[in-house]
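Sharing a structure here in structure tokens format.
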Amino acid sequence: MIRGKVTGRIWSSKHIETLPNGGLLEVETDRGDKLVAFDPLGCAIDESVLITQGSVAAAYFTKLKAPIDALIVGSIDE
Amino acid sequence: MIRGKVTGRIWSSKHIETLPNGGLLEVETDRGDKLVAFDPLGCAIDESVLITQGSVAAAYFTKLKAPIDALIVGSIDE
Amino acid sequence: MIRGKVTGRIWSSKHIETLPNGGLLEVETDRGDKLVAFDPLGCAIDESVLITQGSVAAAYFTKLKAPIDALIVGSIDE
Amino acid sequence: MIRGKVTGRIWSSKHIETLPNGGLLEVETDRGDKLVAFDPLGCAIDESVLITQGSVAAAYFTKLKAPIDALIVGSIDE
Amino acid sequence: MIRGKVTGRIWSSKHIETLPNGGLLEVETDRGDKLVAFDPLGCAIDESVLITQGSVAAAYFTKLKAPIDALIVGSIDE
């Protein structure tokens, strides 16, 4: 997993059908990269989060084949 | 997922049989990298898009084992 | 796999349900990157460890679909 | 997928049994990285190709579990 | 796949149970990165090898779910 800090939120009105409803947060990682992660926890801007990537992230969704390759799995206690 | 901006389109007349019909767009990502993503949404040049990568991208195709490791999952509202 | 050195530990009180109980260690890799790996071995700060990444890391968990994409698989003899 | 240009060919007399017969081409990618991809299309030196990576590449092989994580899926029209 | 040169060997006395017996070699890749790959071929220091990564590497092991994300698939003829 990698650490990151939530920097924003994005919206996508035009999307493929299997994109799950829920928050898509922009995160800046420890490494200075930016990515967009699905947020099942309701995280806020500036919150420190733990992100898992790849097919492991998609496996969180059990009822649909969600096209999600980055998932916030926890908020980091500070 | 990562954000990117569509910069072009590519064509491949000589390809393996399982390459799905549809648009293959060149995208420049947030990180300055270039990649080629399958576009199921009909995106235009300069459009901001959200891209998922890896086996999660291939799972979008349910009838064939598509050799697609990057998929545009949405257009980003701006 | 990549080599790394344990540099810290993180806690996450607010997390998704499938995050397994157990240590989440911060590791600095050979390449200078930081990542957070699940530790099934009880490693200590400054210990040199071997880390596997991706869906291979999640496959270690047989009873649940753990959202773990980095796993400490061994401590390196020095 | 990523774009690349074929720069050479490699041979491996000593290999694991499941390595499929066929061309292994050295490719220099858009990003300046070098990788070795399996070539099912008979591409030539200096040809521009489209490469898919990861488990998606291995899924091309239906009869064996090929240890292939990079596959040329098409030649790019220019 | 990526090319690399074997630079050393590592041992891990304290490891998870599913780590397969066999050589764990340190390899320096074409890109200047270091990684540790499982070696089913008995490669020597300074040997040029071809490495596959990710879940494709783990699929080589048919009887156990090996936590191996990098596998030497061949020695490169030079």
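In order of appearance the chains are A, B, C, D and E, and numbering begins at 1 in each one.
Heads up, the rule we're going with is that contacts are C-beta pairs under 8 Å (C-beta built on N, C-alpha and C of every residue); 3 or more make two chains touch, one makes a residue touch a chain.
On a predicted model such as this, the values are computed, not experimentally measured, just so you know.
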Joint neighbours of chain C and chain B, given as chain labels: A
Whole-Å separation of chain centres (CA-atom averages), chain A against chain E: 31
Inter-centroid spacing, chain E versus chain D (mean Cα positions, whole Å): 19
Per-residue multi-chain contacts in chain A, two or more chains: 54-55, 57
Ring of chains, enumerated from chain A in the sense that reaches chain B first: A, B, D, E, C
Chain A-touching residues of chain C, taken from the complex the two chains share: 10-16, 18-19, 24, 26, 33-37, 54-55, 57-58, 65-70
Chain D-facing residues of chain E, complex: 1-3, 30-31, 40-41, 50, 52-57, 59-60, 62, 71, 73-77
